[in-house]
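Each chain gets a letter, A, B, C and D, in the order it is written, and its residues are counted from 1.
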Amino acid sequence: MQISSAALLKASGTATAPATLAERYGRVRRASMALAAPLSAEDAMLQSMPDASPAKWHLAHTSWFFEQFVLGLQPGYRPLHPHWQALFNSYYQSIGPAHARARRGLLSRPTLAQVLEYRAQVDERIGRCLHADALDEPAQRHLLLGLQHEQQHQELLLTDIKHALWSNPLQPAYRDDLPPAASDAAGSACWLPFPERIVEIGAPPWPANAGFAYDNESPRHRVLVPAHALANRPLSNAEYRAFIDDGGYREPLLWMNDGWAQLQAGQWRHPLYWDDALEREYTLGGWRALDPDAPVCHLGWYEADACARWAGARLPTEFEWEAAAAACAPAGNFADTGLLHPAAQAGDAGRPRQLFGDVWEWTASAYGPYPGFRPLPGSAGEYNGKFMCGQQVLRGGSCATPAGHVRASYRNFFPPAARWQFSGLRLARDA
Amino acid sequence: MQISSAALLKASGTATAPATLAERYGRVRRASMALAAPLSAEDAMLQSMPDASPAKWHLAHTSWFFEQFVLGLQPGYRPLHPHWQALFNSYYQSIGPAHARARRGLLSRPTLAQVLEYRAQVDERIGRCLHADALDEPAQRHLLLGLQHEQQHQELLLTDIKHALWSNPLQPAYRDDLPPAASDAAGSACWLPFPERIVEIGAPPWPANAGFAYDNESPRHRVLVPAHALANRPLSNAEYRAFIDDGGYREPLLWMNDGWAQLQAGQWRHPLYWDDALEREYTLGGWRALDPDAPVCHLGWYEADACARWAGARLPTEFEWEAAAAACAPAGNFADTGLLHPAAQAGDAGRPRQLFGDVWEWTASAYGPYPGFRPLPGSAGEYNGKFMCGQQVLRGGSCATPAGHVRASYRNFFPPAARWQFSGLRLARDA
Amino acid sequence: MQISSAALLKASGTATAPATLAERYGRVRRASMALAAPLSAEDAMLQSMPDASPAKWHLAHTSWFFEQFVLGLQPGYRPLHPHWQALFNSYYQSIGPAHARARRGLLSRPTLAQVLEYRAQVDERIGRCLHADALDEPAQRHLLLGLQHEQQHQELLLTDIKHALWSNPLQPAYRDDLPPAASDAAGSACWLPFPERIVEIGAPPWPANAGFAYDNESPRHRVLVPAHALANRPLSNAEYRAFIDDGGYREPLLWMNDGWAQLQAGQWRHPLYWDDALEREYTLGGWRALDPDAPVCHLGWYEADACARWAGARLPTEFEWEAAAAACAPAGNFADTGLLHPAAQAGDAGRPRQLFGDVWEWTASAYGPYPGFRPLPGSAGEYNGKFMCGQQVLRGGSCATPAGHVRASYRNFFPPAARWQFSGLRLARDA
Amino acid sequence: MQISSAALLKASGTATAPATLAERYGRVRRASMALAAPLSAEDAMLQSMPDASPAKWHLAHTSWFFEQFVLGLQPGYRPLHPHWQALFNSYYQSIGPAHARARRGLLSRPTLAQVLEYRAQVDERIGRCLHADALDEPAQRHLLLGLQHEQQHQELLLTDIKHALWSNPLQPAYRDDLPPAASDAAGSACWLPFPERIVEIGAPPWPANAGFAYDNESPRHRVLVPAHALANRPLSNAEYRAFIDDGGYREPLLWMNDGWAQLQAGQWRHPLYWDDALEREYTLGGWRALDPDAPVCHLGWYEADACARWAGARLPTEFEWEAAAAACAPAGNFADTGLLHPAAQAGDAGRPRQLFGDVWEWTASAYGPYPGFRPLPGSAGEYNGKFMCGQQVLRGGSCATPAGHVRASYRNFFPPAARWQFSGLRLARDA
């Protein structure tokens, strides 16, 4: 199937998207640079755990992605740095060997300056192609995929550097100029009931779609969602504090068996970045007093699941979540607000609030393929499909997600012990 | 809700079940003894990996279960061996401490003889209660649960001792007198189509049910199952051999990311008990030539999933499987046939074959709670619910499962790397 | 060099040794059986840590040693059980593959009965050879070596089963009929001074020696031992208790860097088999009150070294120890007293006491080769030499060592963290 | 005991040492800066294994040492950066907590620029003290100790950055301008015989000594050294290559038991930085052809010991080595030659050659205390004494050791598996 460039662009746009591919490319690429701006070359090398990557690596890998998947399709293309290919390949086995994930922090060479020069060179080549209208449809498709990919790494750059700076005993801030969130009163949570119904879930396969979607969101299909109720807003710090105060971290019966083992091994007593006095939390702007009304954050799935059980409730399934979100505009406290931290928000108690932004919401759903799932053709097929085991789905984006990146059908996924993302929960219950 | 003893018995029975609780109890308890009969006291101590338990421990733990959950409910009951409580508690944190799972093989005391004496004493006390009609409804309910529990451990006794004896370089047989399976020709597999429809899945909560079911099978609820096709029989050794011969274990793109890592770490090249020449397999009757027509067995989920992908197919969801199985009698090559190994079976190609027995069939479904799931009250609530994370559902029972134990709604679950169960697969595909 | 049988026997004897090889062989072999007598087949399978071996394995391995090193030298000899060779080879790489040390507890087959039958068959064949005077000098030499080897395993059988039974939460006794040690008052310790002098250390290479010695004791050579003082007796439980009470396990400056790390990882707070109240200790006869006067036992080198430093003293070098011991008869509380536990002993304060028996005494000396060291020829050369790294020397034998086995030049060796041997210390200081 | 400043300076000097403490201090501190000069801030953060430290950490820790041990003795002294104390404390438990060794690479803050500023501030304060003659004798003693300490870290900075840059798949050179070593012919090695004699070993305790020595070199004492022979030069690459070609890495009987296990786990096939073709080696100047005549380098003790055994020889004891070295000037290919790699050297075959410089020579001696050893008073006592277990002594310094740092009595020590130092061997044999 051949799709015209204009149609493809349209098919991958959002309301606020620039009109041309070149504009959109430039905007995304500049956003990465802006996120890296507060970091020294030394900061940009930090890798505090195998699951996290250095900022420098994010900057290079996203460029490698464009070089590999877009420029590499051009006849006779020769890579800028053949020896760097393995360094910045993340996990695409069909492309070639990849430097060990846990050792990305050992790459003092190439230097940050060289990586930035590499970015500029990739940008220049992409720009030349776009100007000459030299990209065929597959290349354009990969370009658009690359922009989505880079936005995902923008969020990871933030969560990874947060963990890295926190791991330094000096615990410096990522930025000293972050404004505190305006502290609205969250108000009491209330239940919003939903009747049993058949719901259309997911998105039609991109690019034959009127908007971008990853392959793991397709195909759009019908799901019977049972009657249930959802909380009108995410769980707050004060509510989570009540769970802790009631002995939540000391009662094995509230926890999954594996979660209890992890709790004991990791000596978990509270969310990842809280202090032991349960009064302050480490943010991208440094240590701050906990806002009792703000959504609780930096929970693993085990914690979210245990807290929901303690509350006599449960986590929503991803279908329950999506059914509710389909009726809402994907707007909220995303990275573009500049807060880079979840914030309390007032609002109409009768409608679901903050489904988008603030915190990723853990769901009860294990990450797996939809019926009829087909990975993208070629190496891009390794993007999502091979992780459909042992992870849980999160929905809705966070305060570190670029605005415009997520949608109602968007599926994020992490292992149940992962706590360094901006992840919280919304309660659900059976009707 | 109070249920009469007769109703409870009826509610937990199967077509072939004895008429009285005492008869049913005796039959199950004797079956465990029969399975342990070929084992010396030394064999009964073997623990070859943390996931497996010694036969002696299985014999004791199942008795502890009756003592704890049935006799312990009797007023003034005093445990036979207070010091053994922690030894034979598996994972019931609400009851008390449990001896470390990985160290069950270090229990030379109590001796096998003492454990058998313990069994006899428990049996005698239970028998006295039954004879005196002294068990109230909760105790009777736990008694019936305990019989199901013991049947599960009968299967584990077989799979665990198989692994243990295979781990000995001498690789002795569990039994030297096992008959070889009659070798029917499996015939070519064919696809059986199923249209989209709403299916009733699961079982109503026991004991208000006309048949026993675990809490994880409830509540019965409606699921929209999409159009799909199922293979008419499990995948055969010959078909799996073709996957191997085609380089299935060398092609990372066929595998989940985590599965490929496990394959490399464990140097997997074939199913667990095959020899490197791919000609023979270790069985409970010792080493035997592979029957090309028999269902392939001792696969982990990672292998089943990769092989299905290689075949251009996928694993069925647990709902697809259950919808098909609901129409079949739960009969097949269970432990009671005495084969203790999967066997090829001829049959009508137009109907699903061997859904029950032979091999547990890995499904595409992660193990999780059904909408409205409620664990059993009390400590029995730890039975199933706390494992609903990180595991995959298997369906249908195996050649090591006691006849009468499984049903269409029965959900078994193991981590995706587990290979020591009698586990295989049936292909499915989207319509 | 050829040595006559009589000379060889004489060269390997002790004062109490029987006159003939056959008698000596029978006595040692029967002693092993006596040590195993209190153990069931289940007990004899226990392996509670990789460093320890099951009693059944000790019984088999020592027999394998005679079969391999003595019978195997006979022309045309065929092993009794070719498939068992790897099972009972400990670490002789020049002989062939060896079953993994950490998995010796998984050998339910051969059964204990089969192993005892194997012992009897080996004994019968050895006996036939001896009766027919069919062993040439190398075979006789290996026979004598095998008897020493078996005596070492007799001690290990005791220390290993002690650890295994203690690892069972029931903590049963190895024997219920062990007499308590008569409790002499140890008296205050005093220092015995020794001037600087050149000492002859070690033993001439056996069998050209007037008494058996291992290769690691040779050659006899001159060492300049500086002026120093030795305590007249081993450190007592009461004295070690003072070290604990003074915070010895909480003060990192008293410890080797690696020892402190091990203390923290293992949460050491007292010797291995003491209770947390510091009042009782687990013995081969079960739990008993600590005798304050008895030598402290079941210390690792790290503990012995730290305690000596706390006392303002140090451990003796192995040369200081041997120089003092050379003047003493190798008599004391060995296994043959039947106590199987260290005991206080009164005596002349002016002479070193209990150098032999009771507890192995950790020395300041790392285990290494003497100048001119030559391993035994052939596979027997793997016996001692390849462990000359990372271990510390212990001297003098213990209450679990067979009488007649040790001598002044005898060198035992264990890693510094090993605590499950009957190991204690004697203080030394610079003059 | 009070020692005048001039006497102390004299007591710690070498022939080439500057006349004043200030000059000496300045020279050593500038040498560290020169070694760090080729490194970017990113390079200076690299930590490729727990045993190695980032260059930035070395620069900071050595400054911390002066601040802690010299400036900290001044009345009313307040640390420049109280929050940095734990970051740059290596292992002095009596001073306070220390940042985890394995996580030194996570310190992007303080930045390299801040660390250099810290160095300058410490230098300025020390300089002011020296100018004002404000340091009392203990402070002067610690200042001299600090200079020796810094020289040790200069060598570690080189060995650690070598490992770190080699760990990068790009394997860049530390310096591109390193001259190749002039390639003298090494000539055949020959044996130099030494008769049995009593030798004075070690150095009198500093500072009451006519030259600096660490506490672990004291007290000077008499040792009876047996008759033996030493090779006239270190083993060459060509000679080590013969060991490899003869199957040295495939023959377990040549190896210590633990060494063989490490070889298998690490898949050792040649010295650390050789290529698999055995033709090139990675140096601080990048990849170069192996010089067959140069001393072999980057061996662990296990390899050195195995190779000596293969050669029918053994490693020298540290006493044999010191007795020979006492007659030689401590001159050779040290870091100040600028080669930063071992080089072949011609010379008189009748005299020991290259005892100093080129490569540290592994000895047969385990690292332990000399008779009468006393650690330095106070926290400096943690410098050497607490590592006297599980390590082997190396002697003579290397091409990465600052000239003037070592002497005949100098004892270096590393665990037997350590391979990243410039370590080789000299053969010895019994007479």
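We adopt the following convention: a contact is a pair of C-beta atoms (placed from the backbone, for glycine too) under 8 Å apart; a residue touches a chain by one contact, two chains touch by 3 or more.
The structure displayed is predicted, hence computed values, not measured ones.
Between the contact lists of chain B and chain C, the overlap is empty.
Path length between chain A and chain C in the touching-chain graph (shortest route): 2.
Using mean Cα coordinates as chain centres, the one most removed from chain C is A.
If you average the Cα atoms of chain A and of chain B, the two centres end up 38 Å apart. Between chain B and chain D the centroid-to-centroid distance comes to 61 Å (mean Cα coordinates, whole Å). Averaged C-alpha coordinates put the centre of chain A at 48 Å from the centre of chain D.
Counting partner chains per residue, chain A has no residue touching two or more of them.
Chain contacts here close into one cycle, and each chain has exactly two touching partners. By the contact rule set out at the top, the touching chain pairs are A-B, A-D, B-C, C-D.
In the complex of the two chains, the chain C residues touching chain D come out as 91, 93-94, 196, 198, 221-224, 226, 228, 252-253, 255-260, 301-302, 305, 314, 317, 364-366, 368-369, 371-372, 381-382, 386-390, 392, 416, 430.
Per the touch definition, chain B reaches chain C in the complex via residues 40-43, 45-46, 48, 83, 86-87, 99, 103, 105-112, 164-165, 167-170, 172.
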